[in-house]
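The two complexes that follow have chain A in common; it is paired with chain B in the first and with chain C in the second.
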Partner chain A sequence: MALFTLNPLTRKKVNRFKSIRRGYYSFIIFTVLVLLSCVAEMLVNSRALVVHYNGEWFFPTYGAVIPGKKLGLDYDYETNYRDLEAKFEQEKDTGNFVILPPIPYNAFENDLRDGEYPPFPPSLETRHYLGTDTIGRDVAARLIYGFRTAIFFSLILLFVSYLIGVSIGAAMGYFGGLFDLLFQRIIEIWSNIPFLYVIMIVSSIMIPNFFTLIAIILVFGWIQMTWYMRTVTYKEKAREYVMAAKALGASNKRVIFNHILPNTVSIIVTFIPFSIANGIIALTSLDYLGFGLPPPTPSWGELLSQGSNNLESLWIVSSVIVAMTVVLVMVTFIGEAIREAFDPKKHTTYE
Partner chain B sequence: MTQYFIRRLLLIVPTFIGITVLVFVITRFVPGGPIERMIAEVQQASMQAGGSMQSAGSGVGAATLDEDQIRELEKYYGFDKPVLVSYWEWLLKVVQFDLGTSSRYSEPVWDTIKERLPVSAFYGIVTMLITYFISIPLGYYKAVKHNSHFDHASSVVVFIGYAIPSYVVGIILLVVFASNLEWFPMGGFYGDEFEDMESIWQQIGDIFYHAALPLLAYVAGSFAVMTFMMKNALMDNLAADYVRTAIAKGIPFRQAITRHAMRNSLIPIATHFGNNISVIIGGSFLIEKIFNIDGLGLLGYESIVERDYPIVLGVLVISAILQLLGNILSDICVAVVDPRVQFR
Partner chain C sequence: MSDPMLLKVDDLKMHFPVHGGIFYRQIATVFAVDGVSFALPHGKTLGLVGESGCGKSTVGRALLRLYDPTDGQVLFDERDITELKGEQLRELRLGMQMIFQDPFESLNPRHTIGDILEEPFIIHQMGSPAERRAKVLELLDKVGMPADAVHKYPHEFSGGQRQRIGIARSIALKPKLIICDEPVSALDVSIQSQILNLLLDLQQEMGMAYLFIAHDLSVIKHVSDQIAVMYLGRVVEIADSEDMYANPQHPYTQALIASIPVPDPRQRKDFKPLQGEVPSPLNPPPACHFVDRCAYVQEICHREKPMLRSLEDDGHQVACHFAGELRASQR
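This part shows the complex of A and B:
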């Protein structure tokens, strides 16, 4: 705890946040989900966690491909651990065993069977707990990896757009003058662009990958934070403590970084959950329309579009809708709680 | 004030040019533009006619369309000139309400858009009416009965509408009410028998029968924000000194709200008013696609997929103008409701 000490005001805010139960619990659950998704390879994977074969231990999850021959199979390509498990179970008393992740499929493999055509409904026996999609990929696997894509997509988007927004906005508000005027005009023009449509046009042409898609959205997404930041800086600049700092001879750099920015953090923080939700929604909508990340990237939007085109396979659309609803409602709970904690409103009521 | 709005109106021009230049230039450097499409179509036709099997690749086009034909096509689409020259020509035509000819339907873009516009406008206007009709009374009631059971219960609905994007609500409605319960049709603006219906009332009924689910999705997307806004504004105003004074003087509570607090609480709602215009276009790509409604959004979406750039640009022109006008309209509304606001 000695690493960083919170000042009493911040501690009060944190405590107030903790006292808003649904927001606090959502925050904990959400953080756990994000952390778990970082090690999704150990939970949802076609590779086994542990293989014990003829006295040797293998941990295939993160390493190089282990060819089938090495584990007593008759092929050279990557071992199919589900088959290996079945094989080890048949030849008993050898002491060999395989431990598979809870969901033993990855997000890309097609589980094909003879005489049957996907989508397959959920089944405990085949361990497709949420069924498969129209080309036989495991829905649960794609859902979880899709969550990871969406979450990191919106976190990176958030970080970069806040970086741009805070720098330009603070500069606009603090320095004013021609710089402010120039960017005001740019923002005025930029904010009139029907931007979902333009993003659709651009990405239909470029076929973006993860980072170019972030860049495309950034081109239109930097405005909001910039504008808030400008207003806030503008207000803070006029306050006495800034004047005092200046009178003491503080440089512009010192006034901005040591005095104004710390005072704007509480406003920036309240926007974060809503930006995360917006990032997820933006990516999912674009994927749904087919202008997002290229296939076969696992994504919620792609699952949504598959599900709504195959309404008879209800498990596809319902699992992605439930996942989306839960995540977005949690993020919004967090957002409400943070806003409440940082900017408590005491209302007057009349009897 | 007048000066400010004149400046805003004049700003439309550079904004409009900026947006269209951007998109125009992008559409120019695309693989798979109209000419490539046409080449592919000709090629496909000849393949189906039993022509030689050619592997797909870059040199294929030349085998099916000769140089002269391609040049003729390029001339037809204005691809033979530099970008800015053909942009200028396009702009001159746009100013005269000529948006060019669709490369997919081979009919004037303006006619195609004109056909779709009423459909989108219908959804936009009805959504707006329903949203105001629900949000203002609901927000009012929630503010007055703050912390009551009704307030908490309705907050759940408002909250979910706020957290989930409207197109996901649309998909949920489609799954539950159209696909499973079969209470409502799966999509479309009206049914197959529309032309044969005898009375206009039947036709209107049919339209609303088809519109029920999409409208619900649209409203779900917009009423939550509006309700929150109404409630918060009203509560802020109720806490303000002038309302406290009014009540202290002995005005009945109801009158204090309707005569004093309510008027000021409508200001934030007014700032939102112009957005409705762009919602007619902007929010509708997804919902129109889900419910297969032949509106402007679906047209724009399909033309992007089909790389029908005259229509892509046409839809962009219309939606950019509507959005620009909508923003100005918002400002005018604010100026009308709030005399304190001064635009410079």
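This part shows the complex of A and C:
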């Protein structure tokens, strides 16, 4: 496909996108964050990155559970690497050492201490940089794993809903007639069903997991893209280059895939960042209301609801709000820059 | 060639339904083309002229089956093409092609010139990739474009160059008939003649027939062997090019030809422009379509539809009840 390769118009758009600084930098930072979240196990984890014990090397991050006895501790369950680190430090001169991730807690463990009740405030000493939540789980860890959940949730949702929306919308716009009429009425009826009630009903019957939640949101989420694609396809279909292709004898398939779709890409791309933001917001609000992913899945919505119930532990709610604001603002900047860069007024040449 | 006529159109009708309301029922009909008949010999040019909205472009598109005609018969190469489907329809496109009006719109902005010109061969599965590329270069050369245009995109060219590319695309399959849908009306006057001469040269070289649709009478005169004048979905007069200009019979044609500007300030014509507007094709007059604007209108014009009829044996046909008489009265 000559979509992203050489077309100088596309290159112009990319250059223009790069020239919009705040969008471009947001894009870079956001991409880095998403990539880093893919390897979050190496940054935020209760397992050590590297353990050197009696001349042997261990890399526990992605491997199987290493029982405590193997590393010179007196128990059979999984090694607590923070304790191990403390022990190695006391022993000294044995050459044994542990390298822990920057945040040495995972998102599920309760770091409880004698004589104190969580939530614990942020502290460098305990390495809970953003404190813990009400049951002693590290806020930073939950925030980062929550980000990963939210972002992949939105990306999958985006991909599937665009796939459905683009196919149905393009078919509606291109074939028109009865098919179009039927789907218009279906969409009109469908979009009047109150989304939140359906979610509440469904989650009272079954506990949604990651994919069922995507499916439920998809049931309503395909409509927007379908509507846009229908309009755009209608517009493109009436243009003369489509008629020229038909006059040459091009099949419907060829007209749709080689002529109409490439000309609608800029519109689809413009919507992507806003859809990502919407996906994050949808998941967070559902989790906040308790209709989202089941506990103990780390999620922003769950942190937000905890934080707002424990306003005296301000570190919980403030970290989520800051994280959400930063991510959503970045996504919006990217979206704005894309919209600006793809603005057809800047690229259409009429002589 | 048993039949000298390449294309015979008989009573072609193209009506578009207008839908509305909750149930999307048909609430009206646009009579865009309402009974058009003409014939076009091999290798000749028929000019189809008329003002905007008279249905001349619709005729072209219906002939190419971009629209499905409501009624009538179209014989192309002695074959009725109004009912063709699927594979047969695709074969038809080998014999008949179209040049579009707006060269800025008719080339896909996302394809290179090479892609655009190669597409006809891909669609009709002709030749290997290497042969196709060679043919593309040959086409570019034929329309006077440099070979390095292959890798460029439409927006990098001027209107005239783009129209050359459009022409190259239409001759790619070596059709017998090309429907030229106002091919020069979007271009500067200085470029119009270049494109027209290119079309005439190509016709001489390749021997195809043109159905040349235009609203510009001087352009039509330059290229056509025969001219058909359309008014509100019907042909009102057909004649040989010279004859039409020298001896117009229908009051509409007379008014059109009288309106051609003469580049001579001393020769002031005593010319009355047509009054009124073209009636809506949603609701045309019942009999003669020209009644509302005709200076010679009589009672019969409201009652009876005038048929195309020959006055003499020279192929000059007019659809007017008083054809032949009007000229006398005018002088």
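Following the convention adopted for this analysis, the second predicted complex is superposed on the first by the 339 of 351 C-alpha atoms of A that agree within 3 Å, B and C clash if a C-alpha of one lies under 4 Å from a C-alpha of the other, contacts with A are read in each partner's own complex, and residues count from 1 in each chain.
Definition applied: a residue touches a chain if its C-beta (ideal position, glycine included) is under 8 Å from a C-beta of that chain, and two chains touch if they have at least 3 such contacts.
Nothing here was measured: the structure is a model prediction, and the numbers come from that model.
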If chain A is used to align the two complexes, do chain B and chain C fit next to each other or clash? fit
With both complexes superposed on chain A, which partner does A:I135 reach: first (chain B), second (chain C), both or neither? neither
In the superposed arrangement, which partner chain does A:G249 touch: chain B (first), chain C (second), both, or neither? second
Determine, under the contact definition given at the top, whether A:V39 touches first (chain B), second (chain C), both, or neither. neither
Using the superposed model, determine the angle chain B, chain A, chain C defined by their C-alpha centres, to the nearest 10 degrees. 80
Once chain A of both complexes is superposed, is A:L196 in touch with chain B (first), chain C (second), both, or neither? first
Would you mind checking which one, chain B or chain C, touches more residues on chain A? B
One more residue to check, A:Y241. First (chain B), second (chain C), both or neither? second
According to the stated criteria, A:N263 is in contact with first (chain B), second (chain C), both, or neither; which is it? second
The superposition places the nearest Cα atoms of chain B and chain C at a distance, in Å, of 5
Which parts of chain A are touched by chain B and by chain C alike? 349-350
Listed in rising order, chain C residues that touch chain A in their complex are 24, 61, 64, 66, 89-90, 93-94, 97-98, 100-102, 104-112, 115, 119-120, 123-124, 151, 153, 155-156, 158-159, 166, 169, 173
In the complex, the residues of chain A that touch chain C are 2-3, 6-9, 181, 239-241, 243-251, 254, 258-259, 262-263, 349-351
Parts of chain A lying in touch with chain B, wherever the complex brings them together: 188-189, 191-194, 196-198, 200-202, 204-205, 277, 281, 284-285, 288-291, 304, 307-308, 311, 314, 317-318, 321, 324-325, 328-329, 331-332, 345, 347-350
Which of the residues in chain B end up touching chain A in this complex? 11, 14-15, 18-19, 22-23, 26-27, 29-30, 146-147, 159-160, 162-165, 167-168, 171-172, 174-175, 179-180, 235, 238-239, 244, 247, 253, 278, 281-282, 285-286, 289-290, 300-301, 304-305, 307, 312, 315-316, 319-320, 323-324, 327
